[in-house]
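Here come two complexes built around subunit A, the first alongside subunit B, the second alongside subunit C.
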Partner chain A sequence: MVHDTNERTHHILIVDDEELIVLAMRKYFEGLGYRVDAAHELEEAQALLANRAYDLVIADLRLTGIGGVEGLQIVSDVHQRHAHTRVILLSAFGTPEIERESYNRGADAFLHKPKAMMEIANVAMNLLEQS
Partner chain B sequence: MTDERAIDVLLETVSDAVWIVAPSLEVVRANAPFAALAIDMREPWWRDLCARVLAGRGVAAPARIGERTYAITANPLQENAGAVFVARELTETRVERDDLLELAVTRIFATDKPLAATLVDVLEFLCESDGWDYGALRIGSDAAPPAAPIATPIATPIATWTRPDANVDLAEAPATVSLRAADRLVGVLELRPSRGGHPRALERAGGSLARLIERHRLLEAIERKGQEWSLTFDAIELPIFITRVDGTIARVNRAARDLAGAEFESVVGRPIAIDAREPWRTLADVVAAVRDSRTPCTAQLTDNTRTWDVSASWFRSASDDDERVIIVMRDVTTVIELQESVRRGEQLAALGELVAGVAHEVRNPIFGMGLTVDALQSMLPDDDDFNELAGVLRTWLDRLNRLMESLLEYGRTWTLELRGGTLGDVLPPVIDGCRQIAAQSSVAIETAIEPDLAMLLDPSRLTHAFENLITNAIQHSSAGDRVVISARALRDGGRDVIECAVRDEGPGFSPSDLPRVFQPFFTRRRGGTGLGLSIVQRIVDEHGGTVSAGNAEGGGAVVTMRFPAWREWSTTRTNEPTTS
Partner chain C sequence: MSESALNRILQPGGITPVYQPLFRAAGATIRMHGLECLSRGPRGTNFESANVLFEYVRLKREESLVDRACVAAALRGASSLPQGLALTINVHASTLGRDHAFLPFLTSTAAATGIELSRVTVDIVEHAPPWDGVSFLAAIAQLRDLGATIALDDVGLGQSNFKMLLDVKPDYLKLDRYFVESCAHDRERRAVIAALQQLAREFHAELVAEGVTTKEDAETLQQLGITLMQGFFFAEPLTLEQAQAFFRG
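Let's look at the complex of A and B:
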């Protein structure tokens, strides 16, 4: 194992409508020693967020059909409820406008797909270290 | 045979009319042809002629008797016994002379002499060819009224002419003839006959002269109008054919002649179905359709290189009541090409949308696969074999991903934001950006870019095209090679263009590949998407330019782009205030 996992007890919420992506990410981050919850749609994510203050949320921008920007809603929700929770948005089609909007709502990072897992993990770890 | 009898025989054998007049003016002897003459003895010219002959002078004069013209010669007999007259029919001779006269007038007019001098020439000819001595001739000015009575002198003669050997008999009444051309008085011809000249003969001469002048002027006017019409007709750039209803070509303009080409030197008089090829086949069909329907008809045809819109209509010629078909052709090749280009563009846009949609949807699975490999690798022991294979998997995913990115790029519908700028603003940052990749491959980048190459451009799009080209050139270069980027202004076909070329020293394009290098997905490079040059072409296209690929003289590939220069911008930019 590449990463040392001893001191990592941060709680991460992964939100993506692609179940297989959630699976890979969950395995990876769990492998790094994080506690991971997952949601596949906006309501499910909102329910989890209402119950728990996560250290980090990694959410896909689009959770439904074409043109969806539910990820922005998640950023707003997180920002309202838990000021210290960090948010990373992932998008395959993010325009500069949407990226700007996500930062306005309080996102900490906006990553364009595809990204290697290690890149996502690096961003995540940096954010968690800062908090 | 007595003398008297011999004279009778002689008189009856000649075809001329011969008769003898006594001093009493009574015809005392005549032959058969004289009887056929039927001279009205009360005519003044006859009395005048007799008076002169009986006074002892020989006279020769033309005379119009009935429908015929005669040359009459008269001589007094000895001892005041009367006079003998001989009349020879001149009608045939007269016709010949008129022809000669007309010929002479035509020739004389052709010399571009002033009217007065021309008239003098004509009259001189008249006198010489006629054998008559008209004596003095005077030609009045335009302003002079028709001089009658005759004695009125003409104030300002535009020309006078006196036959050198004229025996002017002022006692004789001069004849005056008005010369009119196209209802306008062009002059007054004053003729003083001597030695047998007859006023009527002179009038006729003047009349025929005036008619000739008029006809000449009329012909000139018609010719001038005809020339004007031809010039106008020829100035029309559209080929125009005028045919009879049977399809015989009656008239064509220059454009139509050019269309027929050198192959058919003269198309007038030929059937419009000159041969079975286009455009003649369709034109013949069109003429037939118009003839049968008597309504206008349109068609479109394509010959070897061009596409034509043809419109034909029927009309009845006012002058000869004949029916005509007028065919006008319009070259619509460029319009059609534009339409095709727009359609291609629309197709491309639709295709692009589809491709971009697919690429977008494929992206997520690729992302998922990448993440899974990453997750898998993070959970498995750090094994060399496994790591190598995971690397291979990632390489494939990278390649798939690059293809998707290229497809997205190619298919993306752009809103082009063209603005005035220079290549000098766009190129250097791109080149600097490529230097790192070049250095990695030990390839040198050289530039030869003229300053102030102004054009309309979308900086981000153009940057993308140059990135593609320069990266491509570097990828095809070996260590130590150079990639040369040049840009210059030049004139091409009367237009100011900016030519920009990217040249490498690699293996160059295979000649057989050249026609296909801009086709999407055409590549010879392993792992290449084959979209790089297609994207370049698309961007150059957006800038109104052209791009071509070839091989440089010393080897290596060269891709050359040409953009329209934006002169307005560079002019306003470089215009110095003038002091005067």
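Let's look at the complex of A and C:
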């Protein structure tokens, strides 16, 4: 699927505490023609969401150490502030309960890691086309 | 895992001061009154935006640490600028209410940079509780004893309520750009500004208009009796190097 660069440039926020993942995703999505911001922790993402509107947020479920589910908080924050913003949650640790909870809070997709960048991009582009 | 953003903000050079000129406009005569010290976070990060920087800091509840870093960077830079200029520094209400070592820090930083506190206006930002109201008011009194003047930020918005006015009795009320923008063409905005101007007079305080971007708005504000103004119509915030070059003339 090819991103139509004639459309308004969609703005994406990537949230992950792993710098290499952020760099790879930023490069990939910028290469597709999107504007990309990145945050590495929950509060940084929240500060950006308080000041900027995004079309799509791609967030890792776990942003701190063992057992974190900060991604769920991001899903809630997004839907409190920006009803039109789509959210993809990524997780290597997601249980069925957490996945259900993410959809309850308003996530548009829950993807289990590892996932090829192209698969994430396809889900992202489908969501952006629908929005 | 990436380095904590807070560490990057607090490391030496993490905060860059910029200086927003404040002007006194009387008729056609406009002269510089002072500089408001603003802060930008580390270059190339999301925190270059002051709004993102301070939202993050408040979410982390680290206002005091970052206020100290901002004040230190601002006064250090201002020490190379003309001595007569009034300086405004921004400090969170929570810092004054919780950090009992902040005033000694401010005093020693001012002394180390050769800046008299009588030149300094402390602009109190983000007044939302919870913080210790008694400690906060004691800090305000101490600041006045030290010779500083007090400004209340964002008057008319959010937590800048009448209780704060009564408690703090500020020397300056900062009028948010929300009320200033397009006031020349908006009767209701002018009515709000006139009411706040009357309130300021009753408190023996002075209104400062922020975010003045057009000549029409500046003239309208003057007609309403407001003479202290800042905003892009007069000047954009200056880096330290730009400010030094400006004053070298």
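In the analysis below, the second predicted complex is superposed on the first by the 123 of 131 C-alpha atoms of A that agree within 3 Å, B and C clash if a C-alpha of one lies under 4 Å from a C-alpha of the other, contacts with A are read in each partner's own complex, and residues count from 1 in each chain.
Here, contacts are C-beta pairs under 8 Å (C-beta built on N, C-alpha and C of every residue); 3 or more make two chains touch, one makes a residue touch a chain.
Please read all numbers here as calculations on a predicted model, not as lab measurements.
Three-chain overlay on subunit A, with subunit B and subunit C fitting side by side and no clash. Subunit A is touched at more residues by one of its partners, and among subunit B and subunit C that partner is B. Touch criterion met: A:G31 reaches subunit B, while subunit C stays clear of it. Look at A:A116: by the touch rule set out above, it reaches subunit B but stays clear of subunit C.
Of the two partner chains placed around the shared chain by superposition, subunit C is the only one that A:E41 touches, whereas subunit B remains out of contact. In the superposition on chain A, A:A53 makes contact with neither subunit B nor subunit C.
Look at A:E18: by the touch rule set out above, it reaches both subunit B and subunit C.
Measuring only between alpha carbons, the smallest separation of subunit B from subunit C in this overlay is 11 Å. Counting contacts by the rule stated earlier, residues 18 of subunit A appear in both its interface with subunit B and its interface with subunit C. For subunit A in complex with subunit C, the touching residues are 17-19, 22, 37-41, 43-44, 46-48, 50-51.
For subunit A in complex with subunit B, the touching residues are 1-3, 18, 20-21, 23-25, 27-28, 31-32, 92-93, 113-118. Those residues of subunit B that touch subunit A in the complex are listed here as 360, 363-364, 366-368, 370-372, 374-375, 378-379, 382, 394, 397, 401. The touching residues of subunit C, counted against subunit A in their complex, run 1-2, 4-5, 46, 49, 51-53, 55-56, 59-60.
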